[in-house]
Each structure stands twice: as C-alpha cells, then as structure tokens.
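Both complexes below contain subunit A, partnered by subunit B and then by subunit C.
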Partner chain A sequence: MSASAFVWLVLAGLYFLVPLVATFFFSIRSVQTNKCCSFAAYTAVVHNGDFWHTLRVSFVLALEVIVICLVLIVPTVYWVHLKVPKLRPVIGFLALIPFVVPPIVMVVGLLKVYRGAPSWFYDRPSGILAAAYVILAFPYMFFSLDAGFRAIDVHTLTEASQSLGASWPRTLVKVILPNIRAAALAGSFLALAIVMGEFTIANLAQFHTFPIFIQFVGESDPYQASAVTLVSFGITWLAMSSLLFIGRKRGGGATTQIAGAR
Partner chain B sequence: MAYLELQGLHRNFGPVKALNGIEVQLGQGEFLSLLGPSGCGKTTALRLVAGFDRPDAGRIVVDGKDVTAVAPAKRDMGMVFQAYSLFPNMTAAQNVEFGLKIRGKSKADRRKRVGELLELVGLGHAADRFPHQLSGGMQQRVALARALAIEPRVLLLDEPLSALDAKVRVQLREEIRRIQLELGITTLYVTHDQEEALAISDHVAVMSGGVIEQMGTPAEMYTAPATPFVAEFIGTMNRLEATVLDGAAGHVDFAGSRLQVDAARGRRTGERVLILIRPEALELEASTNGAVGGENMLNGEVIAQTFLGPVTRLKVSGGLIADMSTARAAALPVGAHVNARVPAEGAKLLSLPDED
Partner chain C sequence: MASGRRRLSLAWLPTLPFFVYAFLFLFLPAGSIIIGAFKDVDGGWTTSNVTTLFDQPYRRAYIESIEVSATTAVLGALLGLAIAYAAVREHTPRWIRSVLTTFSGVAANFGGIPLAFAFIATVGTLGVVTTFLRNQLHWDIGASWPHFSLFTKNGVEFVYLYFQIPLMILVIAPAIDGLRREWREASSNLGASSFQFWRYVGVPVLMPSILGAVILLFGNAFAAYATAYALTSGVVPLVPLLIGAYYQGNVLDNPHLAQAMAFGMFVVLAVMMLLYIPLQRRSQRWAK
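Right after this comes the complex of A and B.
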C-alpha cells in the first residue's frame, strides 16, 4: 500500500470512527455528575420496553419491505433485461422520482392512491408505511439489481436453461437468482438501512417506529439517546452481517461479482 | 425419410429479411453445417429450430411432427451456445445434471449419466470445478456434455468454437464430430468458418442474404460450387471473367488471351462466363523474358509469396493465385516472370449476366 493510500485510509477511518467514539464517550457520562463513567444510559435503554417493541416493529417492517421489493422488482428487472431492454432507461428514470418527491407529498399521495383500502391498512405499519418504504427503497433495489443483471449474460443463461427443459419460474429461481444474489443482498441491505432510519414519513403517519423512539428519547435524555443510537447502529450491522452470511451460505462455493448500488 | 425438415422458413426483422424461405431436409444421425458470413441468417435459422424465436412463415418438422409452435423447453433439443453459457453457480457436474433433474431422473441415474458424459468429453477429473475454474475449451466441453445429457432429438451448436484459440478449435471440432458419430445424433451446426464446416460435416449449406445458396457434401461444395458466392466463400478460388469465343470448341477469351476450357463447350458464342480455378489447379512455370509459353497460358509476374508450411501461395499479377510445393516455389521468387497454365478440364464455369 502506498503512503498516500494509507493516509486516505486513515482519514476515511477517522471520518467514520470519530463521531462514533465521541457519541460513545458522551453516552457513558453520568446524568448526575455529567462526568465519566456510567453505563446507566445503556441499562436504561435495554430495560425500556419501547426500545425492544419499536425495534421489532421496524425490523419486521424492513423484512416485509425487502420481500415485497424482491418479489416485485427482481422479475421486473429480469423481464426488462430479457425482453424489453428499451424500457431500462424509463424504469431508471422512474426510480429517481422517490429522491425528488418530498415525504409529505408522498404521504398525501399514498393516502389518495389507497383511498378505499381496508382500515387495517392505515392502522398498522405493515400497511401504508410498508407501501411508502417500498417506494423509498425502489431506487436502491432497482439500481443494485440492474447492475447485477448487467454483470451476467441473462439471454444465454435463460436460453440454456430453457433448452434443457426448465420452465420460466425454475429458470428464475435456480439459474438467475443465484447469480444475482450479491446484487439482491446489496439492495436488501440498503432497504434495511432505510427502514431502520426513516423518521419523517413514520412521524407524519403517526407510527411508533424505532427512529421515532430514538427521537423521543433524545428529547428527554441526551445520554440515553446516544446509547440508543450506538445500540441501534450495532443491531443494524448485526442484521446486515446475518443477511450476508445467510446469502453466502446458500450460494454454494461459487464466487460472484459484487454488484453494488450506484 | 428426413428426420429434421425446415420447410419454407421466413423470418423478418422490420424491413430486413433474415430468412427468406429456406428449405432443409436432414436424415437421422446426419451432421449439417449452416455456413455463411455474419448476417446471412444462419443463427436465426438455428434459433427458430431451438424455439427461441418463431418464424413468420414455414414449418419445422422433427421426426414427422410439426414443432413450430412448441416452446423451447418442450422441444428436447440440446444446444451449445457461442457465448460461455454454463450456470456460474453450479459445478461442471451440476451443470450436466440440470436437465436430468428436470426430467425427474433418480439420483443414481443422474450420477451415472453425469459421470459418463464428463468422461465422454474428457473432463471426468473436473466434475467439481465451477465454470470460472475452467478454461474456455473446457467450458464448451461441459456445455456439450450438458446438451447431450438430456438425450436430445437434435443437437444444435451455435458457433461453439468461435471464442477459442486456433489449436483448441481444431481439437474440439474433431471431438464434436467423434462424439456425434459415436452417439449418432442429428446435428445442426452454425459456423462462419468454412474450414471447420468442411472438416466435420456430412452436409454443408452455404447461406447468404437469408437464403441457402447451395447445399451438398463438403466435396461437392468444394469442387462444384453452384454460384459465384459459394465459389468465393468455400476455399480460395481464381475467378476469371471471360467471353465465349467458340462454344463448339470450348474457346473463351480472357483479357485478350484465348483459352481452351472444356466446360465452355455448348455455351452460346458471346456469352459472358466466370471461369473458376482452384489455386492448386493452376500450374506455374518460369518464363523467359516474360514471353507466353504456349496454349492455355497466362503471363504474369510473381508479386507476393505466402508460406503455408508444405505449400506456398503465390500471387501473380492479373489477380491469379496459385498454390505449389514450397520446394518448387523457391524457384519463383517475387519479381519472377511466370506462365500460369489454365487446366482445360479442371476449370468450372458459371454464367454471368450479359452486359447491357
């Protein structure tokens, strides 16, 4: 490694680590003395029922969003690559729209679109909130999968599979999916991160998700808020690592090109 | 009775006629190569047979049954592709096993068949390797084993050797032919390499502009091309545009020289013809002071020599090409004046449209 590369690595490391370390030192200050060191904030967090409840709500919501995104977007991107490649730029453009639509506009729009939906759809986060998060995750999932599909020869693999007698679903599940696994995982990580951190829409729709809990704690106890932030950071990384581990284990020994989001 | 029949196949892509009514009849166990330059329609024809595309008109019949509207997954046709097509997430053995699993074969049967086929293509030792651990030639062998595993009714090969280096191409094409003969499988092979097609086929169909120009055995295609295009495409050919002087005697005029060509007998006097002579049929001898040495001789000067091993190819002014043994060619260096003897018997003749 050259000296300049080492310097850049150290700078990048500091960029990520300094805020975390500072937050950690802040979180272990005592409420009474405002000095080091007390783990009371962490104890309070893990004994807070709302912490675990909201964490579970957000995590289940993230899994739901990931599943919906994969079920909707994988076959779509596959079909577009295979049959209508001219549509790729159109879908790419559509995928950019969630970046430019303000959350309040999205919530109002969703309420209009889903007018007439059953009441549970508005009562539970797995309804309207999941719908909103699928839209938010769409660009990340689309661009990840698009890169993954471009890294393989979709046409030849599909035709080879079909010539051997495989149906469309079998081709998708046994041949295509294992070869875009890395891209699907990358999209899933991003979707997970979005759901675990999204505040505005959940707040507007008045759901009690994990980011709402962090904000609530932050208003009442700054040390606990720091502790919650670090714990949630650790849990999110743990969840991502689990997904990565499961994905690699199921994929056998083949190496695949990592296709990240652009 | 023909086992594979392509009956009047048409396929248009917008204004482009990719296939314009091709007719093929192939007996069971025969090997046909579709040969032609890029864009001639050979791959389109193969894809229609595989079922990946549908013809605008015409029928595809296999063993007496019309399969034109049958989905590719139901056609029982093994295919080897030009691009490396092994499933990257599966080992060589799993790739070969894929089609057998779909057919519901027992695990013991699958294992036995996979072993046999990998041995057949000489890769019994590489069963557990993933595609990225195999060379290009090995990948195409596994692809061949995978296509054969399902015991297809017809084996389709779409330029399977085009991505390989020259030595591996020759080895693998011989293996493909050996395996095809051993299994007696009806095979349709697409290539743009005429040497490859002539070397391994029972029949060759030369295609151009969406039509089959000529179909025949490799020897027929080489010795008796039916059209100027085929003559040009199969091997190297001297093309002499001439005019018949005396149809009864078989005399023609080429660039002011009177030549005797047996194939010109019976032609109309004044008819424009194309005389086709293989380079190896053209005899060269040194001339003194550039003088024409006798009857049926064309005079010229050696302008280039290409060493091809035992044979050397000489280019002579006036557009003539002659192959001769390297030992004899040493006596005719670049710049030497030569006489080229046009063989009266060996030359072929094709009609040319009359000039307005």
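Right after this comes the complex of A and C.
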C-alpha cells in the first residue's frame, strides 16, 4: 500500500470511527460525576416505556410499508418486464422524482391535500405516514427489483408455469417470487432502514415514531440520547449488513444501498 | 402482438394500481404545492408568494442552503474520491475495500437526529473529544483556533460530510473500477507520469461520474432537515428548517408562503436533476 493511500485511509477511519467511539464513551458517563463509568443511561432507556412503544410503532410501520411496496411494485415490475417493456423507462423516471421532491416538500403537499381526510387515514401512522414512506422507499425497491427481474428469464419461467396449467397469481407467487426473493429482501431492508430513521415527515405530521423519541430524549438527557443514538446506529447497521449479506449470497452485483434518512 | 391497437392499449392495465398510487401520493401532493405556491389566502392567483422568496429572510435561507449543499457536495466528492481511490488501488489489501463499502452503506444511511447527537457527544461543548483536548492538551477548539462550533454553518457542514463522503464512496467506487488497469499500463509504457495519467486519462474519464455524484450529493444535502434541526435550532436558517418552523406553529400566517418555499426547493432540485441526467448518460459510455 502506498503512503498516500495509507494516510487517506487512516484519516477516513478517524473521521468515521471517532464519533461512534466518543458517543459510546459519552453514553457511559455518569450523570452525577460526569466521569466514567455507568450504564445508567442504558438502564434508563430500556426501562422507558416510550422507547419500546415508539420502537414498536416504527417497526410495525416498516413492515406495513414493506408489504405495501412489495404488493404494489412486484406485480407491476413483473408485468412491465413481461408485457410492456416500453413502460420500464417511464417507471424508472418516476423513481427519480422522489429525489427531486424531498421529504420536507412531500410532507407539505401531503398535509395540504389530505387535511380533510377521514381520521383513520389522517391521524394514524398506518395511514398518511405509511403512504408517504411507501413513496420514499419506492425508488430503492424499484431499482432493486428491476435488477432482480433483469437477472431472470421472465418469459420462459412464465410460459413454463402457464403451460403446466398455473394461473397468473399462482405463477407470480410460486414461480416468480422465489426467483426474485433476494432482490425483494434487499429492497425490504432498505425500506426498513428508511422507516426506522425517517424524522422529517413524522415530525411535521406529528406522529410519535422512534426517531421522534430520540429527538425527545435529546431535549432532556444527553447521556440517554447518546445511548439511543447508538441503538439507532445499530439498527441501521443491522439492516445494511443484512442487505449486503443477501447481495453477497446472490453472487455480487451492484446492490443498491443508499437509502437516506436525513 | 400484431393484433393491433386494442390489445396494446390494454396491456398496461395491470400496472394501473401502481400509477394510481403514485398519482395519489406523489403527483397530487407535488402538484398541489406548485398550485398552492401561486395562490393567495383568498384563493386567487398571485405571484407574490414566489417573489417574496427573493426578499429576506427567505433569500438568505436559499443562499445558505445552497452554500451548505454546494460546499459539502464538492468537499464530500473530493474526499470521497480520494478515500475510494486509496481503497481500491491494486496494492491495498482487499479486505479494506470490503470494510469501507460496508461501512459506507451504513454511514450514508445514518443521518438525521442520531447523527447530530453523535457529533454533539464528540465535538459539542461537553463532547468527549472537546473535553479531552481541553483537559489533557489545554487546547480549547471553541475559544482558540479553529474557533469550531457545531452549532454554526461550518459545524453543520462538518457533520453533513459524515453522510456525504460515504455516499460519494458508494457512487464512485464502480466508476473507479471502470478505470481499466490496461490504460494505466499503456500510459506508463508510453512514458507518462502518474500526474500525466490523471491529467489526460483518469480525470477526463471519471469526470462525468464525478459531476453526476456532486449533483447527487448536492440534492442529498439540500433536502436534509433532521440533522440541521437537531444541531442549530434555527441559528443557521436553512430552507427546510424555515418550512418546518412554519408547521411547528407560529411563524407565518400565510400557508401559501410555506408552499412557495417548498416549490423553490423543488425548482432548485429539478434544475440539478436536469443537469444530472445527461451526465449520467455520458458516464455510462465508458462502462464496457
């Protein structure tokens, strides 16, 4: 390794690791003495009912978003690859739009359009918030699934399945789905990472999700805040390494791995 | 296939649910902002909301937002490029690359409130590194050089790099792989120095990818809300923070102004995207 490469990598390592290590040391400072070492912050966090409650809210929301995304996007991408390849660039273009409409802009529009909507939709995280997150997750889900479908022979699989007498739904569930499982899982883990970290929309639409809890803790107790910060980092890390693990099992290839929960 | 129009026109029907969903939750909200930006409180048409954006404090917010995004995009791109190149060179052990891309995947996605807290715990006023430097080395980074404070524009930029650099690494690593080793060998066989290789081969080939990545990074920082929200509580008036402040309550009494601000963001990002698409096409020319 050349000297300059070594220097760059060491500097990068410092910039990226120091905040994490420092956050850990900060989180084990004792409230009374401001010195090392006490795990009181962690104890307080795990005994905080809101921690588990909001974690659950966000996790259930993530599952809901993943299910809606899969139900909506898998058949669409399948059909587009099979019958209407002309639509593929159209959907690909649609998948770029969420980059132009950032969460802060999206939530302004959503709150305006759906202000008068029934309360089961407007007042519940499983309504308007899930709908927004599906849109946030859609590009990642689409790019992942699109790559998955490109890697298999959709036409042959479909013909084989139908000449054996399978219906459309049966072909989709029993034949196509197992073949794009890795792509669907990869998209799902990205969606998980997005939903578990998204703050902007939840904050402006006033829902109490896990990231809102982190913000709330930060206003009262910096030590607990850094403890929850590490929990949050751990969740992102788990989601992303599951994603990479799937990607590696699939045999390399470019796995989309940018989600973004700023 | 040949049986004509009718069949073709119905073939897209199974994709309808998807397009209906995209219409309801993407186009309708986005469209309503564009319309709302040009309405007044009585429902009539007006351009005053949009022209107000050129007055203070909105003008300053856009300038600050664009400056922060441009600075972190360019710095993030340069640093990310240097780090990615260092990691994928022939003589660097392979495990370094795999660790770096894994970590970049996590860090590029680790944003928002927790990222702000991590930096407060590190280089905030009572942060671990700040207190270590102050107590052990008698170096107060806030009071003396470099007069660093997290809660200023420079502070926000410093934190944004934590997700900008990894994003650059993820985006640019495949492009660096596309710099074929034979080109380097060929140029050195012809007597080119390392500098000449970069000047005449490396940078020109990578340039579309680098520019595309800078635009992506710009949009990434421009859209960011949570990190700045947790750090500055409004000291640095970025556009997303102003919009957010409106929805937290008490700042404006004209909702159309918030929509106009959102519309302004949309315009800035759309211009960026229009620059991005042709660059993306050009950069693909060199891949294979």
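Convention: the second predicted complex is superposed on the first by the 204 of 262 C-alpha atoms of A that agree within 3 Å, B and C clash if a C-alpha of one lies under 4 Å from a C-alpha of the other, contacts with A are read in each partner's own complex, and residues count from 1 in each chain.
Here is the rule we go by: contacts are C-beta pairs under 8 Å (C-beta built on N, C-alpha and C of every residue); 3 or more make two chains touch, one makes a residue touch a chain.
All values reported here derive from a predicted model rather than from experimental measurement.
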- Item | Touching partner for A:Val65 - first (subunit B), second (subunit C), both, neither | neither
- Please determine whether it is subunit B or subunit C that touches the greater number of subunit A residues. C
- For A:Ile152, is the partner it touches subunit B (first), subunit C (second), both, or none of the two (neither)? first
- Message: For A:Ala166, using the defined touch cut-off, is the partner it touches subunit B, subunit C, both, or neither? Pick first, second, both or neither.
- Response: first
- Message: If we overlay the two complexes on their shared chain A, which of subunit B and subunit C does A:Ala182 touch? Say first, second, both or neither.
- Response: neither
- Query: Looking at the overlay, does A:Leu136 come into contact with subunit B only (first), subunit C only (second), both, or neither?
  - Reply: neither
- Task: Would you sort A:Pro211 into first (subunit B), second (subunit C), both or neither based on which partner it touches?
- Result: second
- Where on subunit A do subunit B and subunit C both make contact? 254
- Message: Can you tell me which positions in subunit C touch subunit A when the two form their complex?
- Response: 11-12, 14-15, 17-18, 21-22, 24-26, 28-33, 36, 79, 82-83, 85-87, 89, 91-93, 96, 100, 102-103, 105-114, 117-122, 126-129, 161-163, 165-167, 170-171, 174, 216, 219-220, 222-227, 229-230, 240, 243-244, 247-248, 255, 258-259, 262, 265-266, 269-270, 273
- subunit B-facing residues of subunit A, complex: 152-153, 156-157, 159-167, 170, 174-175, 178-179, 251-256
- Message: Quick check on the complex: what are the subunit B residues that touch subunit A?
- Response: 50-52, 71-79, 81, 83-90, 98-99, 102-103, 130, 132, 143, 146-147, 150, 156
- subunit C-touching residues of subunit A, taken from the complex the two chains share: 1-2, 4-6, 8-9, 12, 15-16, 18-20, 22-23, 25-27, 72-73, 75-76, 79-80, 83-84, 87, 91, 94, 96-113, 131-132, 134-135, 138, 193-194, 197-200, 203-204, 211, 214-215, 218, 222, 225-226, 228-229, 232-233, 236-237, 239-241, 243-244, 254, 257-262
